[in-house]
Structure formats: structure tokens, C-alpha cells
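Consider the two complexes below, in which chain A is the common component and chain B and chain C are the respective partners.
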Partner chain A sequence: MHKHREHITPIQLASIIISTMLGVSMLAFSKFVVDGSGSGSPLASLVGAIIAFIGLLAVVLLGKRFPKKTIIGYNETILGKPLGRFINVLIILFFAILMGLETRQFAEVVAGALLPNTPIQITISMMILLCAAASLQNVATFAYIHFFYMPLILLPITIVLISAFWDIETYHLFPIIGHNSSFKEFMSGGLVVTQAILNFFVISMVIPFMKDPKKCIKSGIFGFWIGSFFVVVIVIMSLGVFGEEEMKQMFWPTLVLGRMIQVPLEILARIDALLLISWIYGVFTTLLSYYFVFVRGIGELFRFRHDRIISLVGFPVTFIIAIFPQDIYQMYDFILQVTFYGIFLTVFYPVLLLVVAKIRNKGGVSV
Partner chain B sequence: MRKSCVYLYMIISSLILTGCWDRYELEERANILGLAIDLADEDEIEKEPEVTHRLNHFPGGKTGQFYKITAQVAVPGKIKLGPEGGGGEGSEKTAWIIKTFGHTMNDAMANLQQQLAEKLYLGHLQIIVVSREVSEKGVSEINDFLRRDPEVRRTAWMIIDDKDASKVLKAAPPIETVPSLYLSDTLDNAVRFGKLPREYMGKFWIDLSDDGVDATLPAVKVMGNDRLLIDGMAFFKGDKMVGKTTPGEIGAYMGMKEKSPGGYSIIVSIEDEEGVYLIKSLKRKSKTAVEIRDGKPMAFINIKVEAAIEEKTNDSKLDSDTLKKVELAANKKAEEICSELVKKLQEKGSDIFGLGARVKAKYAGYWEREVNRDEQWSNVFKEMEIKVKADFNIRRAGMEIN
Partner chain C sequence: MIFRKKHIKNENQKGKWPLNDARDSLNNRKLKKGINDNVADVKNIFQNDSDFISRKFQLCGTITAEALFISTIVDTDKINRDIIRPLQEKRQDPITDFTPLTLDKKQERRKKDFLQWLLDDVLYHCAGETAEEMQSVINALLRGKTVIFIDGAEEALLLDTYKPEKRGIEQPETERVVRGPREGFIEQIQTNIYLLRYRLPVPEFRVEPMVAGNATKTKISVCYLDNLASKELVNEVKRRVNDICIDRILDAGYIEQLIQDNPRSPFPQIQNTERPDKAVGNLLEGRVVILVDGSPFALIVPAIFNQFYHTSEDYNDRWLVASLVRIIRFVALIFALTFSSFYITILSFHPELIPAKFVVAASSGRAGVPFPVVVEVLVMEVSMEILREATVRMPQQVGGALSIVGVLVIGQAAVMAGFVSPITVVIIAMSTIGSFATPSYNAATAFRMLRFPLIILSGMFGLLGLSVGLMFIINHMLSLRSFGIPYLAPVSPGNLQGFKDSVIRAPLRWLKERPAQLHPQDVTRVASGVKKGSANTLQDNEGGKSDA
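Our next item is the complex of A and B:
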């Protein structure tokens, strides 16, 4: 374990969670929530966030139990080498695929709404290159990047959400449990939120680098709920302004929200540019986290110290995954499917791992 | 070696990273500021160039609908700016008005692009005028193009003109060099004065999509070839326009929907007294409640208006007692106007108050059993009882006591 001089503070850990959670999907996920649970979406989002929270709790408790190991490490300790390695490969694969698909989603938004003539290959490779370059740094720098960008992500989205408040029609938000929706539909919307924020999982790779890993519980929960708060508020605001039917018709409700909002007192004529800039920060920090898991994960799994080489190899891999979907509909199908299976890996699996660790009495700190 | 690599890297990245693939300089863009959509005449169909399809080969058997689209184009640096356009001469002087034809919006735009050296750019589109003819046939076709195009802003205005939409774009005031800007300013400021609800295109689309809400758009009329009169509101049923209110009824609508600030005045007279009072609403507050009674929906709209006396035309003394009388008279008058508007809307089955959406939100069970569809709601709406109550509070009377 190369744990030298890299000390992450609790606040940095929280900001890693926040800026990772608010990423590419910020523009689109609310549409899929509403597709599932209609006017019940705000409540469903809360339920979805709580499900993700269970996973987070498991991850931070594991982090406290194994303060010197990342998930790659304690997987092998708890489950034994063969099984642990198999799961590790799954985790790395999941983040590699997610990285590719989310980069593609980013490129699709850019091509569809911002720069129609720029080839998406350029957008994709630029973003991956940026992440690869940034992931060459040590963990402390990684934490600094997140800490630095967090306010730049939160501030513009806050402005948009507050300004949206005046355009809400209350009848869009009722009935609060959804209209004629079965429990299954309700949950399918809620799970989209879980799928959108399951990337909190990256902290399982960061906790051992903290100055005091025991503090990870408090700051992890703190960061998670700030991030979730924004996620839920995005759903409430877009649903309140657009209503169920309108939201089903567009790909990126948050982007359209930014385009429709007029800031009170006419301080700025258009704030969608502001929103998009902050969104690109969000995309960068999120993708950086994925790439970080990918690079660090492989490095630790194969005891291979040369992060630079992994970074370089990772570039074509993620690029090919990103280029794979044929069209935007297929891309969203893939994302929803992959992240759906991701729930098992990032929410249920850590809980299971925690239970097994307790039974087998592995990990020293807690009793 | 290492140092020179760094320098090389910096030079290359400063060259590459500052570029932009989608670069179009301002003067390479044909900024469309306004669009007017009319139905084309029979003989104009032949004028259509064969850009997206061959003549008479438009798929889908949809040969009936044929649009004439008039675009007001400004090419920065290429139109003469400055006070050259004379008063009332129309906008041909200052902006470029181009006519184009097509079966659909994009068809027409493709035809337009074929004729222009610059790239069409819709990011500055301020105003879309739709003729009554087109809107009575349905606006969803037009909307699809506008919604899909990422350049179009949802804060643009879509307005209805009774006769010839292209004439609205040709109207040019003597004081503004870019006519469309003046037209959209007319509407924006009308919102600020409380003369018009904030029903710009984005809101219109939301109302159009919603179940149990029918959409409205401002209706205009060209006055003297150089300005616009806000001539009421066009109301829709589904995506088809079914009628129009008078300008005064906009005030009634805004009162019922709680759109502040107040802007319209109401004229009342008191019994056994000569002369009239003009009362201007300052602030509107309203409460809309829906209820199901005996299996039938009912709506209660309570309007509270803070008002001020702006003018009176009699000799009597104004004091607290007369003010009470004036308030009562104003209540009665307002209720009358509102009920008339409600009646008009009910006849056409156009629920622009969103009562259906409120029923849907509050009585989900009822909605599913009895209504369930937007079209069915308009039938229920026609029959339902809507009670409007107005409550005026006159707070002040300007600088005069009497």
C-alpha cells in the first residue's frame, strides 16, 4: 500500500462525493424518473436516494473497518483471493463501461444542443484525454480537483433552481404518490435516481488515503446528502415547471429549464450558458472519478505501479466503449441497463460484504 | 530536451485548444429575428424550389398543408443600421424580409437556406407570428421543428395574427432599427405593465402538453403599418385555436390566474350617481379551488385585487363611504366580465385556467374514472359550474382627495 504523504481531509472527501454525483446525468436523469413515476417523482427520487444511501453506509463502514485498504484490497481479504479478484474485475469493468457511456452521453449533449458540427469523436477523445491527464496525479491532487470544482458546479445550478421556483405550477406536483402508478412503476422511477448517483462508490477507493479514515462516515454521509439534495431538487423543479407530459417529450429537461428561466431583476439575459459551463465541470469531475477507479483499480489488482501506462491503455478502451452505441436512443438504453446492474454492485454488494466481514470477523477496527 | 518538449506542447495546445469547430462569425450568420407563418395560396405552390423533395412528391399524402413562411433576417454589418428608415414605411428599409414556401417548417427553412449565402441562425429568434388560419388547423407541426432545434429559445414569443402574419413582420416603427426587436419589446413590456400574462413559447408548449390545461397565445393586430396592438388572447383546444378574447378580458384572465402586476383598469359607475370611476388594479391575488360535488367537478375562483382610483368624471366627494360603494360596484363588474369570459371559454371547451389539471392533481381517482383523457376533459369542462368571486380593495386615489 503506497500510502505516502497523501492526506485527504473529510471536507475533501465530501466534495469528492458531491462533484462525482452531479455529473453528466444531471441534465437527463430527471426525464427517466418522470417516465417511471410521473407526478410521484419527487417522492420516488427520495426513495431512490435512500436506497443509494444504504450502499453508501455500507461503503463507509467498510472503509472504517479496513482503514488501510481500498475496496480492491478488502475484497480479497474478505472473500478470499479468487472470488475477490473476480468481483474486483467486475467493479473495474463496470466503471470502464460507465466511463465510456457517460462520455458518449456528454458528447451527445454537446452535439445535440451545443456544437452540432463538431464530430463527437473529437469531443469524446478530448474529454478522455483530459481525464487521463488529470488521473496521472496522486490522490491528493485528485481530491483537490474535486474540492476546487465543487462550488463552481453547485453555484450555477443553484441559481437556475432558485429562479425556476417562480415558474412552478403546483398542479404538476400532485398527486404526490403519482398518478395511477403501480408500485413497480413508482420504484422504476426511484431506481433511476439510485442509478444516477451510485457513483458515490468511488470513495471506496479514496478512504484509505484519508488523514483519519475513521472520519469517513460523517463526511461521507454529509457529502452524500448534499449531492442527493440537489438531485432531488432538480427533479422537483423540472417536474414542477414542465409537468409530466412535457418532460416525457424531451431528452434534457434541466438544460431546457436553464434556457427557459429568466433570472429575477434581469441580471442575466441567458443563464443556460452558465449552466452548461458548470455542467461541463460536473462532467469532468465525474468522469475523472470513473477513470480514477479504473486506473487505480487495475494498478492495485495486478500490483502494477505504472499508472501512466494504464492511463494510456485505458484511453482506447473507453473510447471504443463510447463510440459503440449506434444512436442516442440506444445509448440511453445501454446506460440505463448498465447502471441498473450497477445497483447490485454498488449498493447490495457492499452490504453483503459488510455482513460477510462481520461473520468471518475480518478487519480489525470495529468490534 | 525536456524543456523544448514543454514549449512545443504549449505552442501546439495554444493553437489547437483555442479553435472551435462550430465557428461561425457573426457576419457569416443570417440571424432570423422573426418568422411569420401563413398558409400559402394555391398558385404559390408552384414557386417552391425542389430542395427536400421533387415537385408534387411530398410523402405522406400531405399536399393540402402548404406554408408560406416570411423571415426577417438581419445580417450584422450588412444591414444599414442607424436612423435611416423613415416612419411608417414598413420594415423593408431596415431588415431583410424574405418569403419562402414549404410543406413543413423545415422544408421551408431548407428552401430558405438554399437562397442565402449566410448560415441561418435561429438563436436570436424573437417572435414567431402564426396566422389564425394556420393555428386553427393545428400548431403541433410547427412546434415540432421549433422544439427540436437547439438554437430556438423558449423565451421567444409566439403570437397569433388574425389575418396576414407576414404583415406583422413588415410593421416597422420609426424609432427602432430592428423591427422584430421592437415587436418583441412590445410584448415583453406588456408583461411588465401587467397587460399580458407571461405566456411565451416555452410556457405555451407546457400548457399544450399538460392534461387538463389548454394553451393561450397573445393575439395581435397591426396598426397603421408601424406598430402592434395587443388584441386579446387566442385560446386553444388541443393544438387548435378555437377563439379569441378581447383585450379587456386579458385582465380578467390574469386576475383569475393570479398574474401580477395588475395592469388593466375597470370602469364602474355607482347607482344614483353620475359619472364613472376608472380603477386600476395594482396587485392581483387569486385562489382557485376545485371540488367534486355529487360526482361533478366544480370550481371556485376567488380574486382579490388591490386597486387605486385613477380617474373619475363626476363632482361628488370621494371618501371612505363612496369608496366602499365603488368597491362593491367594481366587484360586481369584475364578476360580470369574468363570468362572461368563462362562459365564452366553456362554449368552446377551452380550459385555459388549468382547472382540469387541478382536478387531476386533487381528485386523481375521479380523473381516472371519469375523464382520463384531455379531450374528455373539455367535455366535462363545458358542463361544469365555475363560480367567480371578485374582491376589490381600493387602497389609494392618486394625488387628489376628491
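Our next item is the complex of A and C:
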């Protein structure tokens, strides 16, 4: 009845992580992983996931240490106002840019696979509008949205992966550490995975709205590994089915996997378009998380409580970022660059923050 | 609080019912001593209304008295038999020296005793009271009470003689069931309360009276079980009903619109029912039922989306059958919303989805059709809606003719004329029938109307448009609350116990808890399902033999 009852449960937190992690990049990222580390990709993705996991651990520990504050709040507490605010601006900027670029990526996939004749501007504005409308709601609704869409995202992915299982050629997967790949090459593939899943960071904005923020550690780890499991399996399946050389030729290996599915009973001839619907759900939940960080972050940073106005202003901002890249190649360049720097912000920075908090003895039970 | 403030009562009472001159002068005035003055005042208000009756008589054969009532809303037999006759009878007055002219302190008290004596010893009538103010006398008259002025008394007797005209209890029109009680609510609130009380003989059952509507002064009853319903919920319901400020409440629908959480939403957030068994079932889950005088619909708050495709019959049938029927209803609802737009999407944007064997049939049927699929479907859907609306409003005698015209023109002739393709007709028929399979009329209407934007979106952007449109709808539903309860509970936020009574209906013995999202005071609904004792005494009975 009251607001205090509309808390986020641990399961909802886990679902926020899962459906945020599985998003736009799921169609494309496996290509970039294989580009980097070849047949060593499965192992590299696992390493990449573990790197991201370090960041997640830092974020949930910080969440436990500051159960009433979001990252925007405890940044200022730990680092002092000027420096904290500077980092906050960086975080918000990072998610705004990521939002724009990933929306563009979404629009490119839609133009390539669903609607070749529709201008990408329309697709971009539809998606941003959807996110803006949903971000007006309170945090509980944000969690409900993620919880509701999660099965709609996981189920089709599972179907695709299981049906792809029979087409795996095992020789594509060996040797497991890659053909004479250097450590640098190996890691460059692994870091792509870290870049693809660093959006788990949004939970740092959600943890203080939990009923018992101390439970965030368990559910955060739980959700992270379910999401990572799917990410790693997508890499294994697409590599196993297509092999290293073939994958370098295609942009969206996961979509091609979906095209290979045959439906029994001949209800529909091909279902890749239907799988794209479920992927659109995944895209929406991911982009909604970015937009949520953007809107809530600005609101908290500037103590500005009119979310509607921020959402409205965010629309042209993200739209301009989205149409900025010239073409799809430039777009992927941008995405890889931005998310590469994002690793510092979302993985190394929280660890650093945790250490500083311990040294300066900030947070803990008393705060 | 999540509740948004909606109908805040105007502090300056802007929407107050305007008083006419005669009544304005009587406002806040006490009754006078002289009987003629009082009667004249009342007569001044009602002037020569045809049903306003006054009758003079001698109380106990000595004192002048006058009975006033409005003949159309009272039981005149009751007045003659139970009021005038005992009052006129000459009896031994215990306070014999009551005369209007001698008044001192002692007699002042005795006079009060006199009225009390009349009520206690003389009248056979059960509901009687005294009043001092003109205002309450007039209100009482309008509520079907008989007013008796007695010469010399500064108080009047108000005796309840209300007798409304009412129809009998019939089978409800909207929620028909194959198996289950046939009783439905009627317009009279007293009968409706009876129908609930009859099924709930427990002292915890509360029926709180309230009034809303400046002109209609409609009686409203807020019913709940005070050992189950959450206190917060009950208080919130009462607060919202109290805050209503409007001149009329002509049906429960007014209340529904004035107290719901989000008035801009197409989805109903309050359930209405004509069935007392459904109302009692919901009371026992910890919900609140609002009865409104003059409306055969009871309102059930809070309502979640799941309830709108449930019927009371689901609980009367065996669980497997009931669950299957519920799933079918749910599928029908999805059909009603998305079938036509999905058809457009496939035909005009993603023909690769059509199986090879079916391509010829799909394209040859559309050979001579002059419009794109969107226009074709849109025209058909609109004409279907027109047909539906016409059938509802038509007198029953002409209804048959209408359905023949509808079937012939829309089904047969339109296809033969090459106006629409036969497959489109099938698709439209399925989506229309799908919406009729939903038991709750208002939820079905919401879905039927929402399919028009979906049709336009999918006509413009194919699968993208369809899924974005669906997401808009789902996101909106996820953001809705009904009296603070998430609309899509128990799906999101998830609740395993609640899920047993959602798309499926688990066996009654498994439904151990009342819905958790309602925060009932007592959670357990079923302790163990069967009474303890030997499992089945008939088990070893070999056909017809008995030990006894």
C-alpha cells in the first residue's frame, strides 16, 4: 500500500542484471571475440567474464557498505564533492553515449534484418521514445519491467542455443587456447566480453531501493553468472557451428544461428523474425537500464526532481549520439572504443573506490 | 503515499447543491412550539407537490398532531396500521397532565418523557427517533420517513416507513455461468447487502454506510471482513469514497471512475460484478466490495489484471478443466489484441514467414483486393465494431435481422465482391470472437480498442511496430497500480503462491494462502484441505455390504 512496501526483491535485482546484460550486443559481440582470440574464444570469454565479475563484486560490496546511497551519492562521500562530481559526470556521460551507440546498433540490425526500407532515424526515435516513456516510472516498476521480460528473453535464446547444439563441429573449438595466439590477442577477445557485459553496473543505482540492501551480494552474483553463462554459451555455439574463418565474414552470428532453426509442424516457415522480437525485448530492457542511469543520475547529481524534463531533454541528446557514426563500421569502432574505456569506469574504478572507502573509513553500518 | 490525490473536496464547497429560497431560510433552524408554524414551514417547501401528504389527527384523543409524508416512497398501509391507529387510540397517559400551555422546568422534562413514551409504549414501529431541527425533518421526509408534529412539542417524531419499488432477484445478464448460483445483484442496496450477508453469517462482516453525490445523495456501502482486509486498504477506500465531490452518482461506474488510481488508463483497475458469490469470494480474499444504491453492479477493489479473465465458475469446476478453460480464455485475449496486426505484419513485411504450401492460398485470395492489407483489416475491424455496437443497442426483436445482415454482408458478399480476401475474414472473425470470450466486458473492450493502434503500427513498421506497440502496452500495465497493488501481480512482481490462481487454477486444497499482494491480516485459507479421520471408510466396502 505504501511506498515502503514497493521494494525491490533479490530476485528482481538478479533479473535486472540478467536482462540488462543480454541486450543489443548479443547478436554481434561473438564476432569480435572470435576476431581477437580465434578458437581460444570460449576460454577468453570466461576470462573476460571473470574480469567483469571483479567489478561486480566491488559494486555489490559498495552497495552493502552504503545501503542508502546510489553510486552518485557515495562517490561524493568517498572522494569528496569536486572529484566525486567529476566522476559522476563521467559515468552519466558514458551511459548516455552507450545508449546512443547501442540504439544505433539496434537500428542497424533492424534495417538489415527486418525493415530494409524504413529509415534508421524512425527506428532510433521509436526505441528512445519507448525507453523515455518507461523511465518516467518509479524504481519498482523498473524492476517489474525487467522481471517480466526476462523469461521472454531467456526462453528464445535457450531454444536457439539448444537447436544449434546439433550443428557443432568440435574441431572448430580446438585448440582451446587458440592457434599460436599471443597473450595480447587472447586478452583482446576476452576484453570484448567484459565490454559487452559491463552494463551490470546499473545495479549500483538500484541497490538502495532494495528492502534489504545487504542481500544484494548473493543475488548480484547469482544474476551475473546466469547472464554470463548465456554470453559464454553464445560464443561457444557460434564458434562451434561456424568456425573461426566463417565468423569473420558475418556481422550477426547469433541471428544466423536463429535462421537455421526449423520449426516442427510447419506452422511458420522461418522464425528468425520472431526471434528478433524477443531480441527487441532484450534491447529494450538494456537500453531502458542505460536511460534509467542517465535520468536518475542527472536527477540525483543536480538535485533536480523533475524526471520528465530530464527524459525529454535526454531524447534529442541520445538521438544525436545515435546518428553520429557515418556507417555501421564506424559505429562498431566507436562502441568498442567507448566500452574499452568503460572497463576502467565500471570495473577498476569501483575496486579503487572500495579500497579508498576502506582506507578513509567511510560507509559501513553507521552510515 | 503512492496514491495520487484526485478528488480533493473543495474547501469552499464550490460544487455544493444550491438551496432554493424557502429552504435557505430554514437552514439550521430549530423546530417551533406551535404545530401550525412547523407544518406551514414544511408545506412552504413542498408547496403543492402531488405526492406530499399531511394528515391531521388527535393524539390519544386529546392533543393535536399532524403526520407528514411523501406518499410515493412510503408504505401507506404501515402508516395507517402501525402509526396513526395506535396514536389515535385513547389510552391512560402516565404523564396525564401534559398540556402545551403550562411549562416549567419539570414539565419540560416530562414532555421529553412523553415523546419517549410514545416511541416505547404506544407505537408498534421498530425504527423511530426524534428530531429538533427543521433540516433533519426535511431530509427524513425525503428518505421516506413519516414525520409527526405534536402541538406544543419542540421535537418531531421520525418514523421509518420507506418502501421502495424493486424488481425480483434474477440471473445476472453479463456474467452467465453454466454451474453456479443464479442470483444476481439488483438495484436496491438493501437487497444486495442481504445477498452478501446471507452467504457470510459472521460477525466480522462490516457494512459501512456512506453517502456521495450532492443531489442524488446516493447510499454507498463499503463492505469488508474486518479480520481479513488490510486496515490500510479499508481506510484508503473510505478516504477515496469520502473525497468524492460531484452532484450525481447514478451508477457504480461513477464511483469506479472517481476512485481509480489512474483515470487515464484504458485498463479497468476496479472490477465490477453482478454476482454475489463472486463478491463474497473476493471479500474472503481480503478485498473490499463497494455497493452503490441504484446499481446492480458491485465494485471489487483492488483488482489485478488476472481477475478480468477469471469467472466464479472456475472455482466450481474441477481444477484441470478450469485451468484449461482459463488458458483458453487467456489465449483468446491475446488473439483479440494481436491476431489481426500479426497477420498484417506477416503479409506485408515478412512474407518469408509464410510456409511454402500456404503462400499460394494467401496470395491468390488477395488477388483482386484493391486495398493494402492494413486498410483491408482496418475497414473490417471497424465494421465489426459497428456491428457489435449495433447489436448491443438494438431491440431484441430486430437483433436477428441484424445478425443475418452482418453474416451475409460481411462474411459472404464482401468476399464475393472482391472487397476483402477470405483469409482476412477468418482472421477478423477470430480476433472478434477472441474478445467475446473474455468474461469481463470492460477489460475485453480495452483490448479491442488497443488493437487499432497496433494495427496501424504494424501496418507502418511491421514486426518492429508490433513489438514496440506491445511493449508500450505491457510497460503501461506494469506501471499500473490498483489501490497500491501492482496490476500484473502475481506475474511481475512474481509470487509463486499467487501464481497457483492466475492463468491456471490449482486444486482448492493447494490454494492454501490468500493473495499475498493484498496483505490480508490472516493468510491461511485452507488448513489441510480435508478433515482428519480415516481416509475413506467406503474403501473396503464390497459393493452393497455394510457393517451396520
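FYI, the second predicted complex is superposed on the first by the 352 of 367 C-alpha atoms of A that agree within 3 Å, B and C clash if a C-alpha of one lies under 4 Å from a C-alpha of the other, contacts with A are read in each partner's own complex, and residues count from 1 in each chain.
Rule of thumb we're sticking to: a residue touches a chain if its C-beta (ideal position, glycine included) is under 8 Å from a C-beta of that chain, and two chains touch if they have at least 3 such contacts.
Note that the structure is predicted; figures quoted are calculated from it, not measured.
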First (chain B), second (chain C), both or neither touched by A:T20: neither
Contacts of A:S228 with chain B and chain C, given as first, second, both or neither: neither
Partner chain in contact with A:H179 - chain B first, chain C second, else both or neither: first
First (chain B), second (chain C), both or neither touched by A:L115: both
First (chain B), second (chain C), both or neither touched by A:N75: neither
First, second, both or neither for A:G243, with chain B first and chain C second: first
Chain A residues touched - chain C or chain B, whichever exceeds: C
Touching partner for A:S45 - first (chain B), second (chain C), both, neither: neither
Partner chain in contact with A:A133 - chain B first, chain C second, else both or neither: second
Which of chain B and chain C A:T346 touches, first, second, both or neither: neither
Residues of chain A that lie at the interface with chain B and also at the interface with chain C: 114-115, 118, 122, 270
Chain C-facing residues of chain A, complex: 1-3, 5-6, 9, 11-12, 110, 114-115, 118, 122-123, 126-127, 130, 133-134, 137, 140-141, 143-145, 147-148, 266-271, 273-274, 276-277, 280-281, 284
Partner chain A, residues of chain C touching it in the complex: 1-2, 230, 232-233, 236, 349-350, 352-357, 461-468, 471-472, 474-475, 478-479, 483-486, 488, 491-494, 519
Chain A residues within the chain B interface of the complex: 39, 112-119, 122, 167, 169-175, 179-180, 241-243, 245-246, 249-250, 256, 259-260, 262, 270
Chain A-touching residues of chain B, taken from the complex the two chains share: 20-22, 147, 150, 153-155, 202-203, 205-206, 209-211, 354, 357-358, 360-362, 364, 367-368
